[in-house]
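Look for chain A in each of the two complexes below; its partner is chain B in the first and chain C in the second.
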Partner chain A sequence: MNVINIAHGAFIMLGAYTSYWLFVGPMHLDPFLSIPLAMAVLFVLAYLTQRLLVNQVVRAPLLTTFLLTFALSIFIANLAQVFWLSDIRSVTTSYSGSSFALGPITVPWIKFWTLVIAALLTLALQTFMTRTKLGRAIRATSMDIDAARLAGVDVARIYALTFGISGALAGAAGSLVSVSYAITPTMGDSFVVRAFVVAVLGGLGNVTGALVGGLVYGVIESFGALLGEGYKDVVALVVLLLVILFRPYGLVGKATA
Partner chain B sequence: MHTARDWHHRFFAFLSGIAAASILTLVGAAAIAPPAAADDNVITFGAALSTTGRDSREGALTKEGYDFWKEYVNSQGGIKVGGKLYKVDIKYYDDGSDAATSAKLVERLITQDNVKFILAPYGSSATFAASAIAEKYQVPMVDPNGAAEAIFSRGFHYTFAILSPAKKYLQGILELSMTLKPRPTTVAVLAANDKFSLEVAEGIRDFVTKNGFTEVFYSEYPPDTKDVATLLTQVKAKNPDIILSSGHLQDSLLIMRAAKDQSVTSKIIGFSVGPSTPDFITSLGPDANGVMGGAQWTTTLNYIDPLFGNAERYAKLFELKYHHIPDYHNAESTAAPETFQFAMEKAGSLDPAKVRDALAALDVETFYGRIKFDSRGVNIYKPMAVEQIQNGTHMTVWPTDAANASAVYPLKAWGQR
Partner chain C sequence: MAARRRITYTVLALLALAALLPPHLNGYWVHVLTLFFMMASLAQAWNLIGGYTGYASFGNVAFFGTGAYTCAYMMTEMHWPFWGAFVTAIAAAGLFATVLGTPILRLRGHYFAIATLSLAIGTQALVQQLPPLGKGSGMTLPINSNFHFFYWVMLVILIASIVVTMFIARSRFGYALSAIRENEEAAAVLGINAAVAKVAAWTVSAGITAAAGATFAYWSSFIDPPTVFDLNFNILMIIMAMLGGAASVAGPTIGSFVISAIGEALGAQSVSPWHAVVLGAIIVVIVILLPRGIMPYLAGGPSAWNLQMLRRQLRASRV
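On to the complex of A and B.
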């Protein structure tokens, strides 16, 4: 949609806090069960963000939305810090740390289910984008905003909806990372860079590509760490450079896309 | 083709983007740094602390320590310097856990806010950078949290660290290990590659080679790491008796979780920073039990203090205000401005050079321990302690004369803690 949302990391952080508060609250809701709630909360928040803020500058050069969402991410993180302090919080469930053996490999259950849910969400998004009228409208708007409008697409609504969906996915991501990582107001920053790298690896705008890109990035990073922990970013970013050089449309994308 | 209206729209959009960004940043800064009162009867100290970023938790603990001293001193009437009573105030900035920003803000405190006494930032890297600024403007800085000796190897005269140097941090755990039966022998060392953590690791490795231990694994990792699974897989393959890790709170939590994920077992696990903080126990729950940490200070140490009475009374007063038992970051951060206070009272003057000389000559016992500096400005006279988490509370297990519990050894299996 030609919008790079730097505040995506902040949305992930909010999703993680949503799961955290539901987990420590009176309902003691399991973080995996709070995924739909985190998605709903973040959908609304992202929808409103788009309608009230990003929509004002959506036709402006890319850098403007970049700047706006960057400011937004700083604002959200600081707001979170005012309300929730910089305390490091964690969701520790009864099954945290339990794992199963796959031959010589130890697979933590949490990581396994995280992967399964990520794959399911990707599949759902892919189906939505290709099989539904709304999904087609989103793709049409992203290809040619004027043509879409001429064809009767309510472009402003589609933009807000797209932002809302991306927010909902960030919410789900937040719930999923809340069981693996420490939850702090600034936790989103490191995810933004990685998400961006993963999106480029997979091919920008490519739904299944993002999943493949994520897996490839994770594997490269882990093997890079065998050279020494300090090298894992180097190895991963070198691969990114190679992909940009030789397959600028991503690992999964087609040259025409 | 772009119409004039189009361009106007774009220009407006660009401006509003910039305006929004700057307003948000200003709002953030204003919320963090309330303006300090300019008053003849007030001594204003300055500190650039990590309010945001990866060290924000440690930064918050530091600020609690500073603020506690400020409010206590003011409630007692203030500081008496040269026959005149002064109230105290502290001006804060947020360095975003970035050393270069910290140094810039310290320069701003000195040159624009006219602050003549600096309380150091959190952490060795930031203190390292800030100390160069203090030296440049000949403004004394007292450092509660920067333990790397690299800060003091440059012949500076204006920075004074009240805490024990980094190399001593985890040696206590090894000293304790030598008294345990069966004696653990193999050691795996993990270190974040920042100044402080590397010196802690150096201290461990020195001790290991001199005292009959065997180092079976050593690895450094970047301080902003998010995933240490590969690292812990490698540690597991070596099956060490002791795992010692020098890093900061977030790293310690990551390592603990990855160790559990990978079912890494050892007889002892210890961290330089982490176990002493309240967050460590709340985050890990029962898994935190048995973990050891090097501690600059614990509430059970028996020192007498001219201001607070003793360590126990300090802890009690502190808990009344902040609703948690002070950890060593809190304690050293109260002891730092207190050290300034004693030096000022002794100097009988607020001239930065005279206060510096008084700091250099200071020898006083506080609730935090003895404060006396060597020629570099390092407090080598104060011992370190070892804490172990037992049933969700911090117990001092080393040195024996300050211990209020004996060490639980070996570490219980995951799931049975």
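On to the complex of A and C.
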């Protein structure tokens, strides 16, 4: 959609807190079960953000949306800090330490289910984008706003909806990371850059590509760490540079004219 | 256009007057203004590549860090005087930008943004591993507590960056950059060597950024990678340049002034998260009401300050 959303990390953080509060609250809801709730909360929030704020500047130069979402992320992260303080929180479930053996590899159950759910969500998104009328409207709007409008697409609503879906996925991601990472108001920062890198690795606007990009990035980062912990980022970013120089359409994408 | 030129001269005149201020200021305000001059020159430098050429660089902070570390290395290991280190820092960052710009500036839009972002993070991670640069633990420079000196150096860098921008904006080179921003293929058809022009713009931008970085290193007398490669510097450069008006001669300085003033008014020295909440909200409002920055309003004169203009601006950018 050509909108750089820096607030994506803040949305992930809010998703993680949603799961955290539902977990420590009276309902004691399992973080995996609170995923739909976190998705719903973040969908509404992201939809309104786009409808009321970002839609106002969508046609301004590319960096304007970047600026706006950056300011939003400062706003959200610091508001979270005002209300929830900077305390490091974590979600520890009864199965947090357990794992199963896959030959010589030990797989923690949490990471396994995280991967399964991430894959299912990707599949659902891919199906939605390619097989439904709304998905087609989103792709049309991202190709050419005016042509989509002429074809009868309510582009303002489509923008808000796309942002909402993106927010819902950030909410799900937040629930998923809440079981493996520390939860703080600024936890989103480290995810924004990675999400951006992964999306480019996979090819922008390519749903399955993003999953491939994520896997490749994770593997490169882990192997980079073999050279020494400090070289992890250097290796990952050098590979990224090479990919965008030689395959700017992503690892799995096709070159277009 | 005449109005814009008048704004540039006014800004330059005010900055020239600011040179007379230090004897009348206490240490706190000398510090605040020095920081403002530094941020404004970084925003001016970013404007050359991000504003005029239209390439959103997230990697300019790499040149800031390169400048700071080159200066620190020349002063502590080679025992050079500050000015020698200063010139070396500018040359090193310029060379860095030329060498890396040649492949990276072939990319556009999001791809250029992400490549430069990784350049910034990668340079920091690399500096953190190099023993002569103190690895991750930073470097200590000779201490110079004459803070008025740094005030004047930063001020001169800022004035120089505005004057350079002014000359570029009126030159063939500047028109070439604007043509590249509007339509790179068309610019190439007109006979502009886009590859050379883009790299040249980035090199000048890197040189100014490194000058500020080198001065910053000497000023703070201690630098470490998380400080001089802080991505927030880069983001602030962009915010300040866009707020003032990208691709305008003095816009970035005006934007920096507004952001610094808001920060001061909210109490920059306080650490309460409420201040950041308010700052975030203010930037949101400013971005929506002034999507093209402050410059069109300043340049348009009193007649620009009416609701019709505001409404027209809003309608133009709304989906």
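We adopt the following convention: the second predicted complex is superposed on the first by the 256 of 257 C-alpha atoms of A that agree within 3 Å, B and C clash if a C-alpha of one lies under 4 Å from a C-alpha of the other, contacts with A are read in each partner's own complex, and residues count from 1 in each chain.
In this section, contacts are C-beta pairs under 8 Å (C-beta built on N, C-alpha and C of every residue); 3 or more make two chains touch, one makes a residue touch a chain.
Quick caveat: nothing in here was measured; it's all calculated off a predicted structure.
When both complexes are overlaid on chain A, the residue A:78 reaches chain B and chain C alike.
By the document's definition of touching, of the two partners only chain B reaches A:89; chain C does not. In the superposition on chain A, contact of A:29 is made with neither chain B nor chain C. Of the two partner chains, neither chain B nor chain C is touched by A:115. In the superposition on chain A, contact of A:68 is made with both chain B and chain C. Judged by the touch definition given at the top, the superposed model places A:204 against chain C, while chain B stays out of reach. In the superposition on chain A, contact is made by A:155 with chain C only, not with chain B. In the superposition on chain A, A:182 contacts chain B only, with no contact to chain C.
Of the two partner chains placed by superposition, A:48 touches none, neither chain B nor chain C.
In the three-chain superposition model, chain A touches both chain B and chain C at residues 53, 56-57, 59-61, 63-64, 67-68, 70-72, 74-75, 77-78, 81-82, 228, 230, 232-233. The part of chain A that touches chain B in the complex is made up of residues 53, 56-57, 59-61, 63-65, 67-68, 70-72, 74-75, 77-78, 81-82, 85-90, 92, 96-97, 99, 106, 108, 110-111, 180-182, 184-186, 190, 221-222, 225-226, 228-230, 232-233. Per the touch definition, chain A reaches chain C in the complex via residues 4, 53, 55-64, 66-68, 70-79, 81-82, 145, 155-156, 159, 193, 196-197, 200, 204, 228, 230-234, 237-238, 240-241, 244-245, 248. Against chain A, the residues of chain B that register as touching in their complex are 6, 9-10, 13-14, 16-18, 20-21, 24-25, 27-28, 31, 51-54, 56-57, 59-60, 193, 219-222, 224-231, 234, 249-250, 253-254, 257, 260-263, 279, 282-285, 287, 414-415.
Taken in their complex, chain C has these residues touching chain A: 50, 56, 103-104, 106-107, 109-111, 113-115, 117-119, 121-122, 125-126, 128-129, 136, 235, 238-239, 242-243, 246, 273-274, 276-277, 279-281, 283-284, 287-288, 291-292, 314, 316-319.
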